[in-house]
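Structures for review follow.
In the two assemblies presented below, chain A is common to both, partnered first by chain B and then by chain C.
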Partner chain A sequence: MVSVAATAPAHGAPRAGEPLLEVRGLTVSIGRGPDALTAVRGIDLTLQRGESLGLVGESGAGKSLSMLSVTSLLPRGARVGGSVRLEGRELIGLRSRELRRVRGAEIGMVFQDPMTSLNPVFTIGRQVEEAIRIHQPGLSRSEVAKAAVALLAAVAIPAPRERLHSYPFELSGGMRQRVMIAIAIANNPKLLIADEPTTALDVTIQAQILDLLRRLAAEREMALVLITHDLGVIAGMVDRVAVMYAGRVVEERTTAELFASPRHPYTKALLSCIPRADRPDARVLGIPGSPATLRPPPPGCAFAPRCPDAVDACHEVDPALEGEPGARIACLVASGRVAATRPGEPGPR
Partner chain B sequence: MTAFETPAVPALVPDPRSPGAAPSPAAGRERPSGGTPLLSVRHLVKEFTLRSHAGELRKRVLRAVDDVSFDLGAGEVLGLVGESGCGKSTTGRCLLRLVEPTSGEVRYKGEDLLAKGRTEMRRLRRELQIVFQDPYSSLHPRRRIRDIIAEPMIVQGTEPRRALAAVPELMRTVQLDPRRAGAYPHEFSGGQRQRIGIARALSVRPEVIVLDEPLSALDVSVQADIINLLQRLQQEMGLAFLFISHNLSVVQYLADEVGVMYLGQIVEIGPAREVLAAPAHPYTQALMSAAPVPDPEAERRKERIVLRGEVPSALDPPSGCRFHPRCWMAQEICRTETPRLVERGNGHPVACHFAGGA
Partner chain C sequence: MSAAGLLLPEEGLAAVRSRRARPGWLTTPVVLGLVVAVGWIVVALTIQWWAPYSPTAPSGSPLVGPSGAHLLGTDELGRDVLTRTLYGARESLPLAFAVVAGGVSIGTLAGGIAGFFGGWVDAIVMRIVDLTLAFPAILLAMVMTASLGPGLFHIGIALVIVWWPIYARLLRAQILSVKESPHVEAAVAAGASRWRLFRVHILPLAFTPLLINATIDLGQVVLLASGLSFIGLGAVPPTPEWGLMINDATGFFYQWWIALGPGLAILSIVLAFSFIGDGLRDLFDVRSSESSW
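Presenting the complex of A and B:
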């Protein structure tokens, strides 16, 4: 089931040209016994320094779970398989003390709901300062306070010095998300993972937060993984996009190519679902059938039951993600490995 | 915590801030459907009184809907767009008197809805229905689907046996399997639950349906299904929709007319194509510019208007034009004088001193 597209090179000490993040054959299973569900079913991803990657898909595609496993923030009872390497260092199986050094210092995370991510009973200042102090224990009190003000200023919070004394409930959703971003970048991480960072926000505030993330990633040379269900948000934000369906990456392309010429039938179908302000005459098509169930996992391609192009083989063989980075696709028909159904011939169900 | 309570102000007290002399923006325009509008809203106001906190001397009044006027023609779709707290949902609820308007006028087929008693209002709700945003909390978890769908018919006086007999056909209309009529809401997905909510609204054969963010809780592909279902039902049954949404692309897709709301007021209203393709109000322009488009090329080229600041509190709205603190075009007049919602050479009413290049 775990499909490794290319043989992973052996990893030693960090060396030049090595990717920042390398995910190989990642699986995440939840529950045990007959209730067990493998929600992430073998994904491979590579991210270079300073690069930005979008993870897009619908609920249950496994996009959040796969990134939570990178920082070992999975819910209790979840089991992880495969490999996640940050600058060559394996993160899976790392002990919690070592992990804490990576989380926050090398990887920052921003979540959808800033209200539940911030502690309601502590001031903003205390929470930002805590993030600084944990990873830079040598700083004096005044140095930490100064750094906190600088961080709030960096995320464009007005009157940062006064805001240190505010509590989360005194801030708007947009301002709280800025605080979360300040905490995430407090130690200049090399990688920022933003999981639906603007989903809870209004559209004009979303534009502000996306602007901020774009600017910070460029200024601080951070790599960015942006998880979202919104293809519009993805289009303006990242270099490369991985489309996920039922726990697998089905297509991974450069952003320009993905939108100009989507190849996987699911990507095409997903793009046909959104009404477009820029193309008022385009019809919204939708996707026939219902989302894939992973209990039990489908024998073939998970999208085959809903796919207009599916042939017999699609229901039997789960296609691996093949191709060069930035031009990979997991589809027997689109990659030309089996012949498509000829027009007129009834497609198998 | 803030608690809302309905103010003791009786309905139909004329709003002192909207003199009767003010021309109704939506009135007098030609309707695509022709004739008088099905639903006509004039100077609608809804105030919430916030219970005073300890140490506060006065009760504070929040004007959630402030002098809103529009018309909805038979078989027409009017989209109401705006961000959280702009009053679009409260407006929708006021029409059905699910919240009691403070003042203003709501006429349905010429009848004044706000003057109706409980019994008469209940009878009129047969013609005016609503579908809510959250398909999880808007269906009773311990009632079977058939009872949920049949309830409005029974309330309207249909014999229960006959109401239940109509359920399978209604389920087929919204593409649900009638064999599942005995199931409970939790056995259905979010999209299916939204279909149940739509079937319930359709059961009494209404003429107007208020759709309050019916897509926001759904996945992209499920949204597409519901959009298509709504469009088909609207066209086949000649329904009129008040479609409330924060998603401009969806509104553009479904609506004939669109009203843009900001801090309780309509700032621009007109044909959807016109308003969204060539927005005249700076706020509409900012909204359009902020709505992400799934096209990397367009996103790169796009002139981004990133508004400064956030929506001010409706408890203490800015003087003059309510948008002026965030507007890049604001002049002195915007601080002092409230722009009226009138036609200014854009083909439709706009509440901005500088719309139309004046």
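Presenting the complex of A and C:
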């Protein structure tokens, strides 16, 4: 593959043991003054090289905004606070010229809607080639063309050489998403952020795209952040899962542990919302109440009004995310800081 | 047309074939418009080599009706009306193309900047647009003629000033909508620079309405320039300009042929460019692809 030497960061080689991505106290608010809405209320995440992380939550939980803010792709009027470090380099507040060297080169992004994410007036070949040329301007025309064919082949598009001349409207949704992925990985990014990459696709195609993402991440040693509201998508895809609620990470566990023994009441509720094929008689449960709004929440845990385990303290103290990496939880009751009031619930030991 | 499923195989095939032979946007008026427009352009480019008479010197007795020697008769100075009409294309067509090209260039620049950058840049550019739109074409033409003297070139400048704000508004509106498309966001995420975003991902998608309007405006500029010449603000005698020729003809009511040539010329050119513009709209705009002709 083509190297990214032309866009290598200026700060030198990454130190050993330094995480690839380190998010600290990230906040995103929309608007200003008393009417400001806060979509992301301080999240901390760490991602190692080649690691994959799932970001799960309802609509409006702040999943997309928090990841968009990593490369400052927030919509106009959104303000970001906190710190995002890629290999130790702060990305928040970076000048736009430097940001452009990060976008697409060090961090690739795949969006939700492949039907409209490609420019309709150019062939996909031209668009893939453009993605390469932006970050590797030194390559010759034939080198770029060769790299484009290799990319289309890498995302398993049949007859890649012929497809270069296709326009987006000639391709199916799944094929277009493959092209989007090809563009995202064109410069061998260290981190690939996929924002609900399969939401707009058929179920059968979804599985193919997820397989492709997992395979590419492994082959190219890319770290992967998969944003989704579908826990079924997460299972078997990623190493770790962070569950978000109302702009906060409420539980962060390894995937196997999360599914085997969810601890946060919200995670439990989410998992109980998945229909079980192995237990056809089990009822699919909903979560009572409605999702948190972006308005400043009342004091206490944002999930407390909907939480079956909530005790008085939950309405007064907003729990911090505590614990070892890969086993962190933000819940007073589940972490044992406050005694559960109801019998039968896991309480303090 | 009946539904394709109800057609006999032969009929269906014929329908498909005829559609392939002539695409839907290429309606009869469009073909007609193309023929007339191309015809006028060819005339404008080549008339000097095959014109039978001089456009400015007398070639027969004055005020003679149509005959074999003078197909559209002669005017009050004995000049051949047909020759003068054909030479008129050399005045009107270059003016039309120059005015539209100038208007589109300035309009694209202004509308592009306003739409792409938004904010206070947008506000300033669009207030200039509003200001310019407040001046009627005739007033500006009079100002130009008064300060620079009469002549088609000065009229052209006035028309560019009148026309560019229309294109600026059109392009700005298009850019505002294209700018929000997901593919633009995807391009930003891929690291595209602002200039590349504008040039590759926004302008090609926003330019179509401008192209259609510009085509229709070619005819409109011919009409307006002739109108200004008619009231004495444009071309000066003895230029064979259509508006001027019609003005000359106003004194000779019973010699109808003098005004016939330039009148038909203006009519045919305005219609031709309108038809072509309509065809282009059908070609580019899927929503109005139902043609009634």
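FYI, the second predicted complex is superposed on the first by the 325 of 349 C-alpha atoms of A that agree within 3 Å, B and C clash if a C-alpha of one lies under 4 Å from a C-alpha of the other, contacts with A are read in each partner's own complex, and residues count from 1 in each chain.
FYI, a contact is a pair of C-beta atoms (placed from the backbone, for glycine too) under 8 Å apart; a residue touches a chain by one contact, two chains touch by 3 or more.
The structure displayed is predicted, hence computed values, not measured ones.
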**Message:** A:Leu224 in the overlay: touching chain B, chain C, both, or neither? Say first, second, both or neither.
**Reply:** neither
**Request:** Check whether A:Leu118 is in contact with chain B, with chain C, with both or with neither, and answer first, second, both or neither.
**Result:** second
**Item:** Which partner, chain B or chain C, touches more chain A residues
**Value:** B
**Prompt:** After superposition on the shared chain, which partner residues are touched by A:Leu73: those of chain B (first), chain C (second), both, or neither?
**Reply:** second
**chain B versus chain C as contact partner of A:Val40, first or second or both or neither** = neither
**Message:** According to the stated criteria, A:Pro275 is in contact with first (chain B), second (chain C), both, or neither; which is it?
**Reply:** first
**Item:** Contact residues common to both interfaces of chain A (with chain B and with chain C)
**Value:** none
**Message:** Residue numbers of chain C touching chain A in their complex, please.
**Reply:** 181-183, 185-194, 196, 200-201, 204-205
**Prompt:** In the complex of these two chains, what residues of chain A are touching chain C?
**Reply:** 71, 73, 96, 100-105, 108-109, 111, 113, 116-122, 130-131, 134-135, 180, 183-184, 186
**Complete:** Interface with chain B, chain A side, in the complex: residues 58-59, 172, 174-175, 202-208, 210-211, 229-236, 255-256, 259-260, 269-278, 280, 284-287, 290-291
**Complex contacts: residues of chain B adjacent to chain A** = 83-84, 189, 219-221, 223-225, 227-228, 246, 248-250, 252-254, 273, 276-277, 286-300, 302, 304, 306-307, 310-311
